[in-house]
Amino acid sequence: MAPSKLPLAVDHIPSEKRHVYDAEPILSGRDLRIQWGHVVGLDGVNLDLYKGEVLAVIGDNGAGKSTLIKCLTGAYQPTAGQIYLDGKEVDFKRPQDAREAGIETVYQQLAVIPALDIASNLYLAREERRPGPLGSVLRMLDKKGMAKRAGDSVRELGIQTIQNMNLAVENLSGGQRQAVAVARAAAFGSKVVVLDEPTAALGVKESGMVLDMIKQLRDNGLGVILISHNMPHVWEAADRIHIQRLGGCAGVITPASHDMGEGVAIMTGAKKLTQDTPA
Amino acid sequence: MAPSKLPLAVDHIPSEKRHVYDAEPILSGRDLRIQWGHVVGLDGVNLDLYKGEVLAVIGDNGAGKSTLIKCLTGAYQPTAGQIYLDGKEVDFKRPQDAREAGIETVYQQLAVIPALDIASNLYLAREERRPGPLGSVLRMLDKKGMAKRAGDSVRELGIQTIQNMNLAVENLSGGQRQAVAVARAAAFGSKVVVLDEPTAALGVKESGMVLDMIKQLRDNGLGVILISHNMPHVWEAADRIHIQRLGGCAGVITPASHDMGEGVAIMTGAKKLTQDTPA
Amino acid sequence: GDSGSGDAASGGSGGGKKIGVTLITKDSTNPFFVAMQKGAQADAGKNNVELTIASGKQEGDDQGQIDAIEQAIARGDKGILITPMSDGVNAAIKKARDAGLYVIALDTPPDPADTVDITFATDNREAGKLIGQWAAGTLKGEKATIALLDLFNDKIVSVDYNRDQGFLEGMGIDVADGKKNGDEAPTGKYSGGDYEIVCNEPSNGAEDGGRTAMEKCLAKNSNINVVYTINEPAAVGANAALQAEGKKALIVSVDGGCAGVGSVKSGVIGATSQQYPLKMATLGMEAIAKIANGGAKPAVSEGLDFFNTGVALVTDKPVDGVSSITADEGAKICWGN
Amino acid sequence: MTTSTSDAASRFSGRQQSPLQRLQGLLHSYPWVSPLVILIVSFIVFTILNPRFATAGSMGLLFQQTAIVAALAIGQTLVILTAGIDLSVGAIMVLSMMVMAALAKDGGMPGPLAMLIGLALATGAGLLNGLLVTRINLPPFIVTLGTLSIFTAIALLYSGGSSIQASHLPDFLNALGNGFSIGGLRLTWGVLLVIVMYAVVGFILSQTAWGRYVYAVGDDPESARLSGVPSKRVLLQVYTVAGLLYGLAAWALIGRSGAATPNAYPQANLDSITAVVIGGTSLFGGRGRLVGTLIGALIVQSFAFGLSLAGVNQQYRVLATGILVIVAVGIDQWIRKVK
Amino acid sequence: MTTSTSDAASRFSGRQQSPLQRLQGLLHSYPWVSPLVILIVSFIVFTILNPRFATAGSMGLLFQQTAIVAALAIGQTLVILTAGIDLSVGAIMVLSMMVMAALAKDGGMPGPLAMLIGLALATGAGLLNGLLVTRINLPPFIVTLGTLSIFTAIALLYSGGSSIQASHLPDFLNALGNGFSIGGLRLTWGVLLVIVMYAVVGFILSQTAWGRYVYAVGDDPESARLSGVPSKRVLLQVYTVAGLLYGLAAWALIGRSGAATPNAYPQANLDSITAVVIGGTSLFGGRGRLVGTLIGALIVQSFAFGLSLAGVNQQYRVLATGILVIVAVGIDQWIRKVK
């Protein structure tokens, strides 16, 4: 059932990273299509993500990046195409299924619950219970413990300005809210972490810490998909770069094979990537 | 009634720009404070914006940037402090008041109406009527005209991927939605345009076009406030930079007086700006 | 219980000590109950009664009546006049009587009758029978094509089936289950000839509902010549529907409100069974006042388990064998004025 | 740049559309088509059950029976589009009706004047709702629940609980009950008035700036406020206009009932909300079309009428109505989703 | 980094708090304090109007009168927290009550078994609502409007419209009407049951993961789904649990009325929703506390009780209740906003 590997499309992968690509891809999408009435969201996109790599996805606004990862993580049901996790075809009917399979996602719209506080959001659908019978019999939540750990997670991302951890996230600043969403994904991802523009609202220092966290996740052997419009970030953190254009894939490059200018040129259609384009 | 000018705090303004600062500020805030229960949002902030300048506001996540501009544009009612427009004290009870006074704002949360289409959002509360009695008597909207001009405005910002201009904005991509909000402010600002992270979700090309638009607005004699976490953008577009920190103002610099590294250092508190700090 | 303590608060002006009485109707919008409330209010002064008026929020609101009964006890009232919603309030009535209150049912006898001290009521079944007999007599053997405009279809209440089934019994039609509307044979014989029942439609006892109900019946069968209506507002609505179609039919109704009697006079309604809500309230209040001052209890009418305040058939086209009064006579005593 | 634009356009739009896709597009642009399908299907079914359903006479009656709730549902639609709810519809209508009738009773006041005063009163009642919602920031549910009690009580106290018969009223107040026939289809002036009300309010909602504001305020009040929409003023106007519309319904109701009764139409609230919701308008505001409400009102009334003609017994009819409502909206959902 | 943290903390938190600010903080953390204030104020006012209001006997009655609507309002709160609405509360309760009573009538079935079957039926009815909402994606308003008719009709058809008196029922079914006195304050087991229901459901809502899901699903269904909350399952469970709670209310109602009547409590829907909304829960879902609902139910009932003891007549009482509801929620808003 496992799909044939896509050609890696680039031979600029440093030798110390080669072993990553010898294994089977952890997450693959084949010929993904989605359409709403007239509007075409994805037009047959292929993607392979390997354990221990950061695959960046770049593309113009409206190129279909968010749509692509929504299809991969169960948020959308693609009209056609297959998804494989660990070589086995999967059918995620809801985001919950993907989460249970070990894929943690930060969606572009963040998907936090406005009226709940930081800890409740961070641990939503992953709640921890109190030790002892209070937890096992009465199923009481370990509110204090979660609040403490949530605070630590958010502060680890460089967010120092939250004065009251019990604030509903609707009252947080844009960046603080994004940090909550990112911290959640980092805390719970076990196989794959998908980040849709995780630093869009973050400050310089906080963005840096998120990039560090991404590298940390990769070094821990997870596969990471990073969508970003920040080219320096992409070129700094990515192992390979999937370029999305007009609902299709315009090619896959590496930071070593192409520089930022070339990448942007391919992305905007000013230049075509003819060689090595995956089938 | 006009407030005394703040010291400009920097003498690095190029001589060809000096005349801008000889005039009275177009928009001023004095000792602005806001508090929610325990939480301090603004702690007595002063700000002067001049016609024909781009004033950037930078700061860590949660430093109070968005809160500051919300107070200036009528979205929040500050607990204390005064606001002056054209030297006259004003009291904006609602954003509508600020808009009517010529201040157009892109809020961080964009403030678009999910179920309405692009044109309806762009022209919301600025609708244009049909010529002739259909418009003047029956007050019919010029739907076609608005749709056409709205499409042009959005495309001018580099957004090429919108396949159906009648789509509700809730179905647009993050960047497309942001472009709608930015296009609206650009189209209608007559005195002051305030942009809270206008390029956060935009691609490389689109961001560049928004920066061009900002410069264009400045050259047309408007005052522009630009909030951004993208330091290269700030150093490229801003005339002066207001550094917000922990609810207060940590100082005002210019791209010429300080480089990015210094700016970030002041912003994060690693360095203090002692000289020239406004009262 | 203690009776004196509460009266201090009710700011008693006036001479003798007032006795507290609560009148609890089914709702406060039905003209019948509004009339009853008005009558009671007018009589309260005469009998030195401190009257509180309460009601359910709508037909079927047992809880509202139960609450009102409990509140009357808490207020320290001496007696309660109630049109019981259903036997769902029996337990609360018992509680009130146990607490020493004298409870009189008005209009609707409770089931069983000894739930209350005494009932002042009209026999709704009898009221229905009278108009049924009148209709049968008026038809003189002609085929009866009948529309039945009832009160509800989403609730089953005793006035509804007593009047409807009484009417059919009066016409000499077999009603099958006498507590169930609509289960009789759709065609058959009445006392004078053939009958056909076209419809049972809910009217909510108001003009608009009556009109809509009648329109539906006419759409089913445009030859309807007998229309039974739950009350006069419904009859007025039914008449409007008939007029719009250019049709005429015998309309019969129950209540005998002053407006209803007017409709009899103008020929809209053929006959209506008149009831006397004011009389019920007046008698009830007098009885309680008397008992509170040590007087005797009233007795039930002969052969009945309640005190019959009477029904009279009001029509200007009397029929042999059914005693009736004219509309002019009815107008003088409508609702017990 | 120009090349990439045309590229994008050609890349995306050069596809064939299957008829089903076209249907879907149609349903997306005109979401009320789907309730209309339900209405037509139920017409067909009821006609099969009893052919009298399809006669011009029956249709005329159906329209007359629907008119009042359809009129109330216009105001209710406006309020629900702003994410509110109006529980005082019936109470305002009844109060206005009683005042019109009492003022004009037996020539006390000329009909048109009495009607205008009743209309003004209804408008004022709506204004009161609006003021409480906008000035004191109370939830519309609470405000209209409160004014429901208040107006109901006032109507009862004012009228003394007794109704006023058409014969005591000037022709002008009864006029909307009269009408004309077109080939057996009898329509009243009241039905015509309601159709005009739909046309006017529908035009305003879809063609004017104010209509946009109504949608914007209901869909996302905070964004609307930040966009410079005069939210409070729009809300106030919505409740006031709704009041005016209920006043017009009051006038139509006098004509229809042949009387002004203080206990008319006790289920006006639920019926009007039901029409709005079946018509596809979201109770969360900002989404829906007025024409859907008209169709919704017709669907509900045609169930009642059709089941009655089909000879279904009373309590079974209640049961059947419940099932039909669920099935109808279920089919509606299904039509919208068909791929 | 550490320096900047402590810097931030010290900069922001080193302020003095005025007592008013502290009160505001309190109100923010415990939003039900403000309706509680209203409740206490109205207690005081009604006691001044008639001192009998404050007696233990009256309080006992007030609790008994509130118990049924308070019980129904628990389920209603759950449903409203998920941004739904349940119009079938009363119908489910009545159906369940009639089934319990009919099964047990004159010893036909042991009381506890009849009670359990009635409870199971109510739970099944709730489950049906839930299935229609989650599987067919129908709006809760439509679903419960439909099942309102369906269950009402079934209850009427099943019972033939006649009620069953307590004397025909086993003690077990009547038991909740009995009780005990503590110094003149008579409480029934029914009241106690309702208090226990509040405690249990309140605990679940505030202390367990499931409670969080209920809030999350109601506040932002799409975000909840994307966060991995099993939204459909939670919704289904909410409606099912609500059904179970209505079944318990049915048992309590038999004890309270001393009979099972098929027409009981026609205004259960509006009353239960009113308690929820006055208790501060948003009709848009995701915001509110269960304890607020209990206070809301008590406020409404104490208005009715207090006005009755004050000797206000029915029509004026309707008027006064309308005004009081608006004033009470207005004051509530004002208390929350005080600076």
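Should a chain be cited, it is by its letter among A, B, C, D and E, assigned in written order, with residues numbered from 1 in that chain.
Here, a residue touches a chain if its C-beta (ideal position, glycine included) is under 8 Å from a C-beta of that chain, and two chains touch if they have at least 3 such contacts.
Since the model is a prediction, treat every value here as computed from it, not as a measurement.
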{"item": "Identity of the chain that, by mean CA position, is farthest from chain E", "value": "B"}
{"item": "Pair joined by the larger number of C-beta contacts - A-E, C-E", "value": "C-E"}
{"item": "Distance between the centres, which are taken as Cα means, of chain D and chain C, whole angstrom", "value": "35"}
{"item": "Centroid distance [mean C-alpha coordinates] between chain C and chain A, Å", "value": "73"}
{"item": "Residues of chain D whose C-beta touches two or more other chains", "value": "4, 8, 12-13, 152, 156, 315, 318"}
{"item": "Multi-partner residues of chain C (each touching 2 or more other chains)", "value": "28, 37, 58, 154"}
{"item": "For chain A, residues contacting two or more additional chains", "value": "37-40, 109, 158, 160-161, 163, 246, 268"}
{"item": "Chain A - residues contacting chain E, complex", "value": "75, 94-96, 99-100, 105, 107, 109-116, 120-121, 124-127, 129, 138-141, 155, 158, 160-161, 163, 166"}
{"item": "Parts of chain E lying in touch with chain C, wherever the complex brings them together", "value": "49-52, 55, 57-58, 61, 64-65, 68, 149, 152-153, 156, 160-163, 165-166, 177, 256-267, 301, 304-305, 308-309, 311-315, 317-318"}
{"item": "Touching residues on chain A, where the partner in the complex is chain B", "value": "36-40, 59-63, 66-67, 108-109, 158-164, 167, 171-176, 179, 197, 200-207, 229-231, 246, 264, 267-268"}
{"item": "List of chain D residues in touch with chain B within their complex", "value": "1, 4-5, 8-9, 12-13, 29, 203, 207-210, 212-213, 215-216, 219-220, 222-230, 286-287"}
{"item": "Touching residues on chain D, where the partner in the complex is chain E", "value": "83, 85, 132, 136-139, 141-143, 145-150, 152-154, 156-157, 270, 273-274, 277-278, 282-284, 315-316, 318-319, 321-323, 325-326, 329-330, 333"}
